[in-house]
Amino acid sequence: MKNKEIKVRGFHLDQFGHVNNVRYPEMLEEARYDFFDQFPGFFSRVQKTGFYIPLTHISIDYKKSSFLDDILDIRTRISGLSEASGTIHQTITIKGTNRVILEADVVFVAVDIKTGKKASIEGDLRVELESVINGCQE
Amino acid sequence: MKNKEIKVRGFHLDQFGHVNNVRYPEMLEEARYDFFDQFPGFFSRVQKTGFYIPLTHISIDYKKSSFLDDILDIRTRISGLSEASGTIHQTITIKGTNRVILEADVVFVAVDIKTGKKASIEGDLRVELESVINGCQE
Amino acid sequence: MKNKEIKVRGFHLDQFGHVNNVRYPEMLEEARYDFFDQFPGFFSRVQKTGFYIPLTHISIDYKKSSFLDDILDIRTRISGLSEASGTIHQTITIKGTNRVILEADVVFVAVDIKTGKKASIEGDLRVELESVINGCQE
Amino acid sequence: MKNKEIKVRGFHLDQFGHVNNVRYPEMLEEARYDFFDQFPGFFSRVQKTGFYIPLTHISIDYKKSSFLDDILDIRTRISGLSEASGTIHQTITIKGTNRVILEADVVFVAVDIKTGKKASIEGDLRVELESVINGCQE
């Protein structure tokens, strides 16, 4: 698990004075990049396995609103890894509180770089992903 | 159902040369606004019923990539309305083709403006929402 | 000169209820793309001349605020072309009024694709740019 | 002067693989917020003086491109304060290098909250702004 903090700025808001729903996906993507930054060279090593791992699904449960100057605490972890897909779970809370703003699940699959076809998550690719999961548990 | 076209620009892309996943939610929100623009005064009338209808969930299935200069055809409709919630279904295709880029379901609920509590979709609020559904079928 | 209309949405706003200054540059870029869409193949033909034409300067005078549901009328034209650079002038007004929201000047130069060095705007590149200027006057 | 670091992500890029010009204004705004965060309560105290300080002009000189994974080092300071306006100067370099990506000047004025009219920067408002300038020099 990895924390990323983002402070709510004026340009995140909308006519209701809270963060607009369209701003959270970019924050979540930022937090995912930040999560994988813990594992330098991860994306290069994935590429060497002959696969890439595109996102195929995102679902977000919006629970509460967040407001100007709130410090968002975004937690990211790989929560599941089957042969068919992996899942990244992300939670945003207001820093220092239990106020949950949203929960998100982001699903990725493996695609063979040469054929462009969906593939099983196995072999070297699986090793890379498991090392991330294990690296986070340490 | 309502169509909204958005042409893919350079600033929508990422390192893979396709539209980045974080750009679609804003396009979908734009298309939802455009959908409700067909019903002038809709949001004021909803407010007069004593409720507002925040989004509580969005899920997006990313099917295919889109690229610079593609013209995205975003179709929006209210696909479901129960007592507890409503669902807006949105599909993005490449204009003039059957290439589906993504499908999204966006769920909204009713919240009582005075109490801030979730409420049933009934009475005048239901009438407003049904008039939108029927208005689209005409 | 070319008009592009953009309707102000909730996600454009900030804590003051008006369009945040950081949203306008994307709108201006959209309007520039839309401007050049009038001249199909323009960017390919520029590339064939051996140059590209990056932006090197943007300056924006913010005059008035714009608000939710305003329809912004963005006007774009090439307002100057010297040997050293070209200038694109853009004005945003509220549609159907004389209320000027902002005026912007965007400067581009020519860069030699092979050497990466700044070059004079002359020869075939100049012809392409002048055809755009003349095309707009028609 | 205050530093703010932002790492370049995929969603900042465009078809040229570099950060698109429309992404920098949001980064600059983020850095300005971060700058004023050093002075807790600054915006409330400004409001109490009876004025607000809207941006009226931004100009950006784009010098070099930045790319995926670059760490941008954004430096922000108030570089000028006359009776008519104040100027914030911002520079983006690649962290740990002298590679200047852009330089920006952002101009603000004082507007009387009651009348909505432009005013001189003097009295309590001037004191607040000078305390920021002096606070940074410490």
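For the reader, a short list of remarks on this structure follows.
To keep things simple, chains are lettered A, B, C and D as they appear, and every chain counts its residues starting from 1.
The criterion applied here is as follows: a residue touches a chain if its C-beta (ideal position, glycine included) is under 8 Å from a C-beta of that chain, and two chains touch if they have at least 3 such contacts.
Computed from a predicted model, the values in this text were never measured in an experiment.
Contact with subunit C and subunit D alike is made by A, B.
The most distant chain from subunit B, with centres taken as the mean of CA atoms, is D. One inter-chain figure worth recording: subunit B and subunit D are separated by 35 Å, centre to centre, where each centre is the mean of the chain's CA atoms. Annotation: 23 Å between the Cα-based centres of subunit A and subunit B. As a whole-number value, the distance joining the C-alpha centres of subunit A and subunit D reads 30 Å.
In subunit B, the residues touching two or more other chains are 10-11, 20, 22, 26, 29. Against subunit A, in their complex, subunit D makes its touches with residues 7, 9-11, 26, 29-30, 33, 37.
The residues of subunit B lying in touch with subunit A in their complex are 20-22, 25-26, 28-29, 54-62.
Interface residues of subunit D, counted against subunit B in their complex, comprise 10-11, 13-17, 20, 22-23, 68.
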